[in-house]
Amino acid sequence: MSEHVYKIVELVGSSTQGTDKAIQNAIARAAKTLRNLDWFEVIETRGHLENGKVAHWQVKVKIGFRMEA
Amino acid sequence: MSEHVYKIVELVGSSTQGTDKAIQNAIARAAKTLRNLDWFEVIETRGHLENGKVAHWQVKVKIGFRMEA
Amino acid sequence: MSEHVYKIVELVGSSTQGTDKAIQNAIARAAKTLRNLDWFEVIETRGHLENGKVAHWQVKVKIGFRMEA
Amino acid sequence: MSEHVYKIVELVGSSTQGTDKAIQNAIARAAKTLRNLDWFEVIETRGHLENGKVAHWQVKVKIGFRMEA
Amino acid sequence: MSEHVYKIVELVGSSTQGTDKAIQNAIARAAKTLRNLDWFEVIETRGHLENGKVAHWQVKVKIGFRMEA
Amino acid sequence: MSEHVYKIVELVGSSTQGTDKAIQNAIARAAKTLRNLDWFEVIETRGHLENGKVAHWQVKVKIGFRMEA
Amino acid sequence: MSEHVYKIVELVGSSTQGTDKAIQNAIARAAKTLRNLDWFEVIETRGHLENGKVAHWQVKVKIGFRMEA
Amino acid sequence: MSEHVYKIVELVGSSTQGTDKAIQNAIARAAKTLRNLDWFEVIETRGHLENGKVAHWQVKVKIGFRMEA
Amino acid sequence: MSEHVYKIVELVGSSTQGTDKAIQNAIARAAKTLRNLDWFEVIETRGHLENGKVAHWQVKVKIGFRMEA
Amino acid sequence: MSEHVYKIVELVGSSTQGTDKAIQNAIARAAKTLRNLDWFEVIETRGHLENGKVAHWQVKVKIGFRMEA
Amino acid sequence: MSEHVYKIVELVGSSTQGTDKAIQNAIARAAKTLRNLDWFEVIETRGHLENGKVAHWQVKVKIGFRMEA
Amino acid sequence: MSEHVYKIVELVGSSTQGTDKAIQNAIARAAKTLRNLDWFEVIETRGHLENGKVAHWQVKVKIGFRMEA
């Protein structure tokens, strides 16, 4: 409501299942140590290939959270 | 076939389920009032977080449709 | 380990199912003729619309593979 | 709350006073005909010069508003 | 002169003749329903190929027009 | 003078007054816990709208500070 | 119709006549060895100057073609 | 009216007061030696920090002016 | 041949005829006062509209020339 | 191997010797307090000039490291 | 001299020594199988870290070569 | 200290030795005719190839210098 300040951290989440899950993994990790998570933005989507298949989906995200005053 | 002109509208679709569904929601809304929808392009993917989890996936898309001559 | 060189090819995969599947289709096609596939990067996500719905998801990817020395 | 869709319109506001006022003028004009305005993003800042001074500040903004379901 | 506001629409013009004609086709279509057209900006140039030749030149443009007060 | 290393943090400052004030709020918050703040760069300017007016100006900035050796 | 995969090659066409002709030259060269050419995108337009005039127009294009299954 | 050519110079204006004033300072300096200034575009906004506050706002602008025929 | 240095100037050429001619007008103007012009790059293509038609095509170019040693 | 999450920090390394050394200085500083450094990406290269020469090479890098689970 | 067409391939060269050497390694590999190499452009510079040091410098380059007529 | 204005010139330095030397050559040339050089930014790195090797490294830089009041 008032004049909040937000901090942004940049993480890369990885997953064997897909892009949405890679994002969720990054957010879950951030939530372990940060409170007041507010939004995320996808920066880059890529992945590691093994044997001609996607072994890990990797999504770089920025995660914003409200700082304590 | 002949020299068509296309118009582009920019929407943000949101979904509690995932990025693909957010795109589909934006397109479904556009289809309510526009005809001849032809293609979409993803511009930005982000989302709203609540309690350390993705509450809403939000995808900004451009949607192109053929204009009547 | 040593000073490898990697080549990058650019493909567009399409799918009727979703963005992740479109990526996988592009990689599967590359794996038919290229060995040592190592990573991919998403360049652009778009799709073709028919009857107000997504008919084909189309994802442009760059795929990197290690070149034989 | 639920799965809203937002539309984005692109305007250029101008002002003889400054950049913030140019943004406000664009939003005020949008508010005349659109409801549920939700956010704006600055795309480009420029201006017209006359006699070696800024005659008009011009700010291109995207304005997002919630569409009726 | 005073503090005008401009709106921007995004169109794709196509032409069998060339890029400049594709731009003109987009503008001609816009001029059918919009007044006070003021400027355009080219966003993207592409085209459709058939039989190893350009079948349609396609130019995405933003067109700005002055809004009524 | 010698070979310093700088760290960059990314914040979003908000303000009800304007863009410059939103930047200053982000910097003031950073200055509470970080020393040797050296420069900032504006990454994005946006804002939240309520009742057809700017309720909060939001400016995303990168802030650089010299690290202790 | 089904789940095609497209490959993209990047060429620079040059011409003494103009930008559209430079594009056509690139496509004509691609058509000598590739089948199923489908679309092109302009990436960059530049040229070589001699005696204060354009000696060669040079246009970098990406050309997409459907891969055999 | 006729086929003018414009030249663009790139300056960084600085100010202790704010971003708009930094722009104005750059334009005032350009106006000392250049005639027919026509428009400016903001390229980058940054600033120098001292004691946890903005000491100088710095705005990089491109300034266009009509060349004598 | 040896270690030349090149300078780049940025101009906007305009033309009533088309984009290629606007580029040529900018280069012709540069050639009036600069020697050893070597290459150009297109930065932006836009234009001014009057009565629903293109009145002036405007192309922003960077022009590189070899500096005297 | 499993679904790791990586964090990215952004540093500017400086050096009197060259760009590669500036990168190495940033990484050496990061290695003092962070474990599991995995990759870096160059974001921007610039430098400070004194007496018409490069006094400090400055390279902005993002450095990624694997987070503890 | 006449209307040549150039093809561009994208490679990533790696080196334990530095960025320039990584570029040279990519070019040397290309020269094994391609003739008439004409220019390169750096697209991205990154690297792999081990034990808090740069283990491999990795530079993504585009390499252009003149195609046989 | 006070409200300085800086001008930016854009040069391409070339060198047979490497990227850092190409930057230094551009700056040395600028220093012949300009005073108060303050900083540089790398815009683009490319080079000319001969016989499958780098013949000239070419780096495009922006160089900023403080203008006399």
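Labels A, B, C, D, E, F, G, H, I, J, K and L are assigned to the chains in the order they are written; within every chain, residues are numbered from 1.
As a convention for this text, a residue touches a chain if its C-beta (ideal position, glycine included) is under 8 Å from a C-beta of that chain, and two chains touch if they have at least 3 such contacts.
Since the structure is predicted, the reported quantities are computational estimates derived from the model, not experimental observations.
**Student:** Going by the touch criterion stated earlier, list every chain that contacts chain I and also contacts chain L.
**Tutor:** Where chain I and chain L share a partner, that partner set is H.
**Student:** According to the touch definition, list the chains common to the neighbour sets of chain F and chain J.
**Tutor:** Where chain F and chain J share a partner, that partner set is A.
**Student:** Could you tell me which chain lies farthest from chain A when each chain's centre is the average position of its Cα atoms?
**Tutor:** The most remote chain is I.
**Student:** Where does the I-L interface recur among F-H, F-J or A-C, taking recurrence as more than half of the contact pairs being identical by residue number?
**Tutor:** F-J
**Student:** From the mean C-alpha coordinate of chain D to that of chain G, what's the distance rounded to whole Å?
**Tutor:** About 38 Å separates the centre of chain D from that of chain G.
**Student:** Could you put a whole-Å number on the gap between the CA centroids of chain B and chain F?
**Tutor:** 32
**Student:** From the C-alpha centre of chain D to that of chain E, how far is it in Å?
**Tutor:** 21
**Student:** What residues in chain E touch two or more of the other chains?
**Tutor:** Residue numbers touching two or more other chains: 10, 19.
**Student:** So which chains actually touch one another? I want all the pairs, not just one.
**Tutor:** According to the stated criterion, the contacting chain pairs are A-B, A-C, A-F, A-J, B-C, B-D, B-E, C-G, C-K, D-E, D-F, D-H, E-G, E-I, F-H, F-J, G-I, G-K, H-I, H-L, I-L, J-K, J-L, K-L.
**Student:** Where on chain H is chain F touching in the complex?
**Tutor:** 18-19, 44-49, 52-54, 57
**Student:** Across the complex, what residues on chain H touch chain I?
**Tutor:** 3-8, 10, 62, 64, 67
**Student:** Can you check the complex and tell me which residues of chain A touch chain J?
**Tutor:** 9-16, 22, 25-26, 29, 56, 60
**Student:** Which part of chain F faces chain H closely enough to touch in the complex?
**Tutor:** Interface residues on the chain F side: 19-20, 23-24, 27-28, 30-31, 37-42, 63.
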